[in-house]
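Consider the two complexes below, in which subunit A is the common component and subunit B and subunit C are the respective partners.
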Partner chain A sequence: MLKVKNLNVGYGNVPVLFDLSLEVKQGELVSVVGSNGAGKSTLIRAISGILKPYSGEIEFMGERIDNVPAYKVVEKGIAHVPEGRQVFGKLSVKDNLLLGAYTIRDEKIINARLNEMYELFPRLKEREHQKAETLSGGEQQMLAIARGLMSNPKLLMVDEVSLGLAPVIVERVLEVLKVISKDVTVLMVEQNVQEALEIADRAYVIQNGRIVMEGPGEELLESDMIKKAYLGL
Partner chain B sequence: MVKNKKAIIILIAIMAILPIFIKSKVVLNAIVLLLIFATLGEAWNIITGFAGQTSFGHAAYFGIGAYTSAVLYFHYEISPLIGMVLGAIIAAIIGVVTSYPTFRLKGHYFAIATLAIAEVIKQLFISWRYVEGATGISIPILPRSATFMERIIYLQFNEKVPWVYISLFLFAVVVFICDYLENSKMGYYLKAIRESHEAAESIGINTTNYKLYAMIVSSAISALAGSIYAQYILYIDPFMMFSLEVSMKIVLLTVLGGIGNIFGPIIGAAIFIPLSEFTRMKLGGSGTGIDLMIYGALIVLISVFQPKGIIGIVESIRNRSTKKKGGEGEVEALTRN
Partner chain C sequence: MGQIIVNGILMGFIYSLVAIGLTLTWGTMGIPNFAHGDFLMLSMYLAFWAFELIGIDPLLMLPICILAIFILGVLTYKGIISRVIDGASLTALLATFGLGMFLKNLAQFLWTPNYRYINDALVSGKIIKLGNIVLGVPQIVAAVGSILLVVVIVYFMENTRTGKAIQATALNRNTALLMGINTSKIFAITFGITGACVGAAGALMSSFFPIYPTLGSLFSTLSLVIVALGGLGSIKGALYGGLIIGLTEAIGGYFLGTQFKYLLVFLIYLIVIQVRPKGLFGW
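Take a look at the complex of A and B:
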């Protein structure tokens, strides 16, 4: 479904990712893990069109998307849940969700999506008229995910879902992602290696802008390198 | 929303009745200026209050509007009514041309760019002979015998009262446009951009385009206000039209009244313009700037105690009174914008 081939990206003159390739197949939950500054968020931003790659290919559903502007990538069926949640703080929860349906024109579909989101996240229904900034961190993360899902994406990309959340909340958010991944393909980027590998079908490990390992999540969890470098075992 | 519309209609009705009771030219003059600056505040509110792109150079569009209608009248005797429309179009074009590259700048850097652009335009006008350079343009005055029709076509009146209605008409139209815009889809997109640029892009909003649309509306409205101002004062020069003081007045009065709220500019202007007219009259030339000093102090107080402006104070008082009524109050306070 998503194929990244020999991708080179960076900010201005500073390269961040080097010849990076990865693949996400329909229906999978794929995690990309790595430490701070490894280039995880850069990867997501390149796929969603916010950053233009220096070279390499990004292909989604058989179509090149590496030179498509960010707002058009969403139309193609990729939703991006940005790092640090970035909900629209001064707008109500409901308005946040409705804005997520930007690419959908049909009001009926929008309302149906809205109700689905409320079913998935009952908490958001309770707070639908509250300003998004008054939600707790975990609730804001749920809102950011729900906002991403409103556009009815084929692929949901989630950037650093655990950032600034209590461990208990992180687990709950990840559980939700696992549930979501039954219907939508999910690509998530995480520095919380243990949890991210546990729920992933497949995973990639990034170090200094290069993929150093890949394989099924559980397999990676067992590997010595992961245990030493990330889990401190 | 419906509440807003009612309040706007009441406000405009009150302003429309005022000239019947007020005969003082000084007060009527203050009302005209107040309405022109409130209109400018509304325009600025669109790009800064809604879309979050801080402009410190709105004097540029104000001046371009004033100059377009004045120059066309001065050189070719074209009616300012036509000049106004052309001025709005030219201002919108210049708004787009200058903003397209500068919208890539974020936050303070964009604000600095707008400041610089206004200054550049001022310098151009100072040395541009076609627009009479630094001497400025004195708009030719109609003879006393001019008929009412001529006065309307050339937008010149000896009395103050017609000006109150002209500026009120423009203000009313602009307020309704802003109210419509705020609750339209575009209004929500602009607010999304203000709240988080990256998230707005990640849900598929073409942020550059929407910021440009906001700029088009904002600069065109500013230009209309500029044309009205020029016809009212009958004399313009680059120093008064493109000055930093005008840009700042627009910013400050909106911030004082309440940024991002359609009633903000009129409340701010209602405090600020009478204040500056009063100090100008009482202190004359030596007192120039006293109003800005008082105003600066007000702004400091506002930003320390109530960043939402006077509207914020009103809202917090209203919220406190609803809270007292009982249980639901807390939720109410949180949901109210």
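Take a look at the complex of A and C:
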């Protein structure tokens, strides 16, 4: 579904990712883990078109998307839930969700999506007229995910859902992602290595802008390198 | 005194319309358009020449002025602003300043610095008396027109897909992109709406306000003050800010003499931003 080949990308002339390759297959939940500054967010910013690669290819559903402007990447079926949630704080919960469906023109489909989201996240329904900034951190994260799903994506990319959330809440958010991944392919980026590897079908470990390991989640959890470097065992 | 207050309020609504135009681009793109008042000047000249040359009444010119300055706004964004917006933020600001200077000088070159008036428009010279208060019909029409347009803009911003996209872009440009919003198109539209506001104000004012090449400076400055006073990006702020400035100007003119009326305007501004640095309705 998604193929990244020899991607080189950075900010201005400061390179961040080096010859990075990765693949996500239809139906998978793939995690990309790594520590602060490894380049995880940079990777998904490049996929969603916010950052233009220096070189390399990004292919989605058999089509090159590395030169497609960010706003059109959404139409192709990729949703990006950004790091730090980035909800539109001054707008209502409902408006946030509707903005997620900006690329959809058909009112009926939009309303159906909205109802699905309210079923998945009853909390959001209760608070639909509240300003997004008044939600708790966990609720805002749910809103950010739901907003991403509103565009009815084939691939949902989630950046660091666990950021700033209490462990219980993190667990709940990840459970939701697991449920979502039954219908939608998910690429998630996480610093929270243990949890991210537990729920992933496959995972990549990224260090200083390079992939250093890949494999099924459980397999990576067992590896000495992960245990030492990330889990402190 | 009643007369003074009424005059102030009528002018205030026009200021509100002009300032709402400015607050949209300033709030959305972070660029205060220093050519804002000069767009107003162009709209007034457009109304003036349409009247002089082909005898079209300024009121009938209203939709044409709105459209013309909307297009001018879009072209300004596409031709000038979009090219410099990713550079240092001062560059875009100075570009609008340069554009403003250019337009003033162009108007002087083409149409001389002379003051012009439209004396026999449909509404010219008509008055309505309410007790001992005298209301000029041109001013009333302009104020009512401004109010209607403000209502339309508020409705548009709150209830349409594009209005919501403008708000989202103002709040968080990168995230707006992730929603599939073509933010650069939104910027162009926003610049267009900014133009449409002064396009309308220009047509409405042309029947009672002197028309001259440098009138834009005053309106640019006043609307910058109104926006800062009301709170950047806030439509409500621009609305109230416009009324406050309209009233202050009228009252200041009465007590201090017309040549000093802006003394009070800027004094009020300086006081308000001491107390509320983000303006009355600032985020």
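Convention: the second predicted complex is superposed on the first by the 233 of 233 C-alpha atoms of A that agree within 3 Å, B and C clash if a C-alpha of one lies under 4 Å from a C-alpha of the other, contacts with A are read in each partner's own complex, and residues count from 1 in each chain.
In this text, a contact is a pair of C-beta atoms (placed from the backbone, for glycine too) under 8 Å apart; a residue touches a chain by one contact, two chains touch by 3 or more.
Only a predicted model underlies this, so the values are computations on that prediction, with no experimental measurement involved.
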First (subunit B), second (subunit C), both or neither touched by A:Gly34: neither
Superposed model, subunit A: greater residue contact from subunit B or subunit C: B
Which superposed partner A:Gly138 touches (first subunit B, second subunit C, both, neither): neither
First (subunit B), second (subunit C), both or neither touched by A:Ser92: first
Partner chain in contact with A:Ala70 - subunit B first, subunit C second, else both or neither: both
Subunit B versus subunit C as contact partner of A:Gln130, first or second or both or neither: first
Touching both subunit B and subunit C, residues of subunit A: 48, 50, 69-72, 74-75, 79-80, 82, 86, 88-91, 95, 98-100, 102-103, 147, 151
Contact set on subunit C toward subunit A in their complex: 161, 164-165, 167-168, 171-172, 174-183, 283
Interfacial residue positions of subunit B with respect to subunit A in the complex: 188-189, 191-192, 194-196, 198-207, 331, 334-335, 337
Touching residues on subunit A, where the partner in the complex is subunit C: 48-50, 69-72, 74-75, 79-80, 82, 86, 88-91, 95, 98-100, 102-103, 147, 151
Interface residues, subunit A side, partner subunit B - complex: 48, 50, 69-75, 79-82, 86-92, 95, 98-100, 102-103, 129-131, 134, 144, 147-148, 150-151
